[in-house]
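The two complexes that follow have chain A in common; it is paired with chain B in the first and with chain C in the second.
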Partner chain A sequence: MENFIIPQNVAISDSGFLFQAATGESFTLNEIGKLIVKMLQGSSTVEQIVGKVCEEYDTDPRTAERDFEDFITQLKHYSILK
Partner chain B sequence: MNIAVTGLNATDNPGPGVPVIRSIKEGDGFKGNLIGLIYDSLEPGIYMENLATKCYLIPYPSSGLEQLYQRIVQIHENEKLDLIIPCLDSELYGFAKIQDRLNALGIKTFLPTIDQLNIRAKDKLFDFCQSSGIKVPKNILANSLQDMYSIPTDFNYPMAVKGIFYDAYIAHNFEEALSAFNKLRVKWGYPIILQEFVRGDEFNIVALGDGKGNMVGAVPMRKLYITDKGKGWAGVTIDDPILIEISKKVIGKIKWRSGMELEFIKSAETGEYYLLEINPRLPAWVYLAPSAGQNLPYALVKLAMGEEVETMTDYTVGTIFVRSSWDLITSIKEFEKIATFGEY
Partner chain C sequence: MADKKRYERPVINKHYSGLMNKFGSRPTTQPKTEIDGVTINELVEKYGSPLYVYSEKQIRINQRNALRIFKTRYPKVQFAWSYKTNYLSAICSVFHKEGSWAEVVSEFEYDKARKLGIKGENIIFNGPDKSRNALLKAIKEKAKIHIDHFDELYEIIELTEEHKLKAQVAIRVNMDVGVYPKWDRFGFNYENGEAGQALKRIMMNPNLQIVGLHAHIGTYMMTAEAYRIAASKLALLARFLKDEYDVAVSYIDLGGGFASHNTLIGQYLPAEEVVPSMEQFAEAISAGLYELNFKVDEMPTLILETGRALIDNTGHLISTVLANKRLSSGRRALIIDAGVNLLFTGFWYKHPVSPAQDSGVNIEDTTIYGPLCMNIDVIRETINFPSLRKGDKVVIDYVGAYDNTQWMQFINMRPNVVMVMEDGTVELIRKAENLDYILDREVLPEKLKLK
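And now, the complex of A and B:
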């Protein structure tokens, strides 16, 4: 399984506001986005993240995993994820 | 201490004088007067409250250095100047040429030499970067209309067409390049710089060199809002050691003695930084530096006065500036003072 690393200079607040200090870019994440980024910062595995999303929201593991992959692609695009 | 500062043209293409004065006034332990040297009686900085204690009209450098010098002598009689900080690209050569004469009057400056100014000039930047291992967009100098018709075919559009001192246009085809070339040659003369267009985000850094090869401080910024003139109208300090290292390299190599602004573009394709320009003075957004923890204008004052300045490396990442437009109200009587008597 791929190992996702959020660089140390990425900061996320409790409101979901994400600041990428290396580029000066900022983003506003929704609740699920915030949950995923915070879990990635805490070195959670994909299984743990998908499990948590299914637990907190009304979705099945397959959909959650697909949406997770899409979100990861976006994070990589904006260099929020190594 | 009496310090004269130019560049009070806080317009939509702002000079750095206003933020330089603002920064110095906030310098730890600073006591003294800030005097504005202005070229136009409508420079907004003249009319800002609690900024300059006095403003004086001075002649454009193009009207001759002797005239400029004599005007400074007059002002010096009234104000007993300790230091002059010229803030505009176009006047730096003139001030650099008369700095010894100013020094003889007891007026200090903290300027690069003519050779240092030449090394970083827009028409020399490519060679400097190439020899220093710094990435720079490909560039061609056009010194005549014929040069425009001889642009190599591998030089693709879009391209940036730049004046030697100011202004730049993005040209998407030959006709647009020619139009930009004509505007720039009339306004700023030759050469016109044709620069490969690198797609990406703009990053700037303000830095201060002590003239011995040391970088006293540096604060990098990403523009968050850019006007149609290409001016940063909002920006945020960022954490990128690569930008700091490149700046250190530039200052070390040139032994830069003054403030400078380096303009970079981060290639969207490769993620590498390309140095677009080295501006030989503090930028108009310099107030962001003291706000983030490095008062570079005040450090420049201390260096000019021969004081030791500790190297500054820390600054607060995520400090934002947002420029605003604000109407200053004055009366025709006040305007008369500067327009007729050259003093305010």
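And now, the complex of A and C:
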């Protein structure tokens, strides 16, 4: 299973504001985006994250996993994820 | 379960401080769910995807508005529908029902206009490519032949002598109107006296009757002033004919070329903010014509061959999402089932694209690709777009001009074209192609057939 690591210097506020200290760049996350980044910081697995999203939101595991993959690609692109 | 929150895919958006949105486009989240009261779903269910949809109502509104705008500034106005812009029979017929003549540039277009019931005398025959056969037909049927070059002039003279006929002619004039590139490969030049020469040659021949003067200064013109200059130069030629030969031409034809509200790819601001309005074009042309100082009963009719500005916003292309992709650059890509072979104008316009269903408020900079196996198949290089799912629909607007005449059959068949009629019904106006349609034109040599 792939391991996602969010660097120490990434800070995230309750309102979904994300600051990447290494590059000085800032971002906005929507609610699910924030949930995922927080779970990744807490070293959750993909299964746990998808499970949580399906539990709280009106969606199915396939959609949730697909969107999760896409989201991860973006996080990597912005160097928020190693 | 009812107590779950509404799902929305996870989104992260980067902040670009101090920078204007470099894509210059407003976010497109507002769904377009219907065309003239007919839902996109209904249309696709019945006619498939991709699908071209025209609005009869909008065509009539455009034509009536244009006529009103010109008629309130100049007393005699006649529109002639530019066939090359869109020659689907149903489209031409709506314009003809609104009183427009036909403007054609080939024998094929000429024959099409005749088949649709337009009399020869109400056809304007333009262009550098008129076959001998087409010219003879046009002379016999009293079409208005706009002579493009001396070779054509001499061919017409020959034909009239050979067949003892008289021809109704005009000349196309090209000129400097302060806009570049100059379209000087069509017609006779004004500044170097060639146009005057051609008129003298025509006046010497009793079989040729000069009925008008014509100019088409370019297409997607972004300045109205160019039309004032063109109108006043044609007016000077009309004055020359009156003074030298006591001939009053019955019309002055300013061609087409008014920019539509489609935004060019290199254009930063939306077209509606930068292109002149129909009123400004009308104002400029009538100002140019009034320099003629003709008596009211001798004033020539103003003919207009407006194409794109009358049809662009009446056509829509519905397409279906085939896939979502993330490019190696991190950019989102959307692949839809309509490619540049169906949307030829995608090469120079940033067509508005809207989702056809509620797609949430999270937008992202996206590239929209067609389904062709080629790199050039880009519908929109960059557009702020919500996230769509496979099977969702999009609507591409401003596709009425030149797409259904320049589209090509490639990899797949060209799809259905429908028209939403004024009464709300939907009519199929061009059937989707099929394998038989393609094979009908092909000939497989006997020796190549597999046994």
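Throughout what follows, the second predicted complex is superposed on the first by the 82 of 82 C-alpha atoms of A that agree within 3 Å, B and C clash if a C-alpha of one lies under 4 Å from a C-alpha of the other, contacts with A are read in each partner's own complex, and residues count from 1 in each chain.
Going forward, contacts are C-beta pairs under 8 Å (C-beta built on N, C-alpha and C of every residue); 3 or more make two chains touch, one makes a residue touch a chain.
No experiment lies behind these values; they were computed from the predicted model shown.
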Report task. Evaluate whether chain B and chain C can sit on chain A together after superposition, giving fit or clash. Result -> fit
Report task. With the two complexes superposed on chain A, say which partner A:V50 touches: chain B (first), chain C (second), both, or neither. Result -> neither
Report task. Measure off the angle at the C-alpha centre of chain A toward the C-alpha centres of chain B and chain C in the combined model, and quote it in steps of 10°. Result -> 80
Query - chain B versus chain C as contact partner of A:A22, first or second or both or neither - result: first
Query raised in the report: Of the two partner chains, chain B (first) and chain C (second), which one does A:L81 touch, if any: first, second, both, or neither?
Result: neither
Query raised in the report: Touching A:N9 in the superposition: chain B (first), chain C (second), both, neither?
Result: first
Requested in this report: Using the superposition on chain A described above, determine whether A:M39 touches chain B (first), chain C (second), both, or neither.
Outcome: neither
Query raised in the report: On chain A, which partner's contacts cover more residues, chain B's or chain C's?
Result: C
Requested in this report: Considering only C-alpha atoms, give the closest distance between chain B and chain C in the superposition, rounded to the nearest Å.
Outcome: 5
Report task. Pick out the shared contact residues on chain A: the ones touching chain B in one complex and chain C in the other. Result -> 25-26
**Report entry** Partner chain C, residues of chain A touching it in the complex
**Finding:** 18, 25-33, 35-36, 53, 56-59, 63-64, 67-68, 70-71, 73-75, 77-78, 80
Query raised in the report: Considering the complex alone, what residue numbers of chain B touch chain A?
Result: 201, 203, 221-222, 224, 235-240, 266, 317-318
Report summary line: Per the touch rule above, chain C residues touching chain A in the complex are 1, 4-15, 17, 324, 326, 329-330, 362
Requested in this report: Would you tell me which residues of chain A are touching chain B in their complex?
Outcome: 9, 11, 19, 21-26
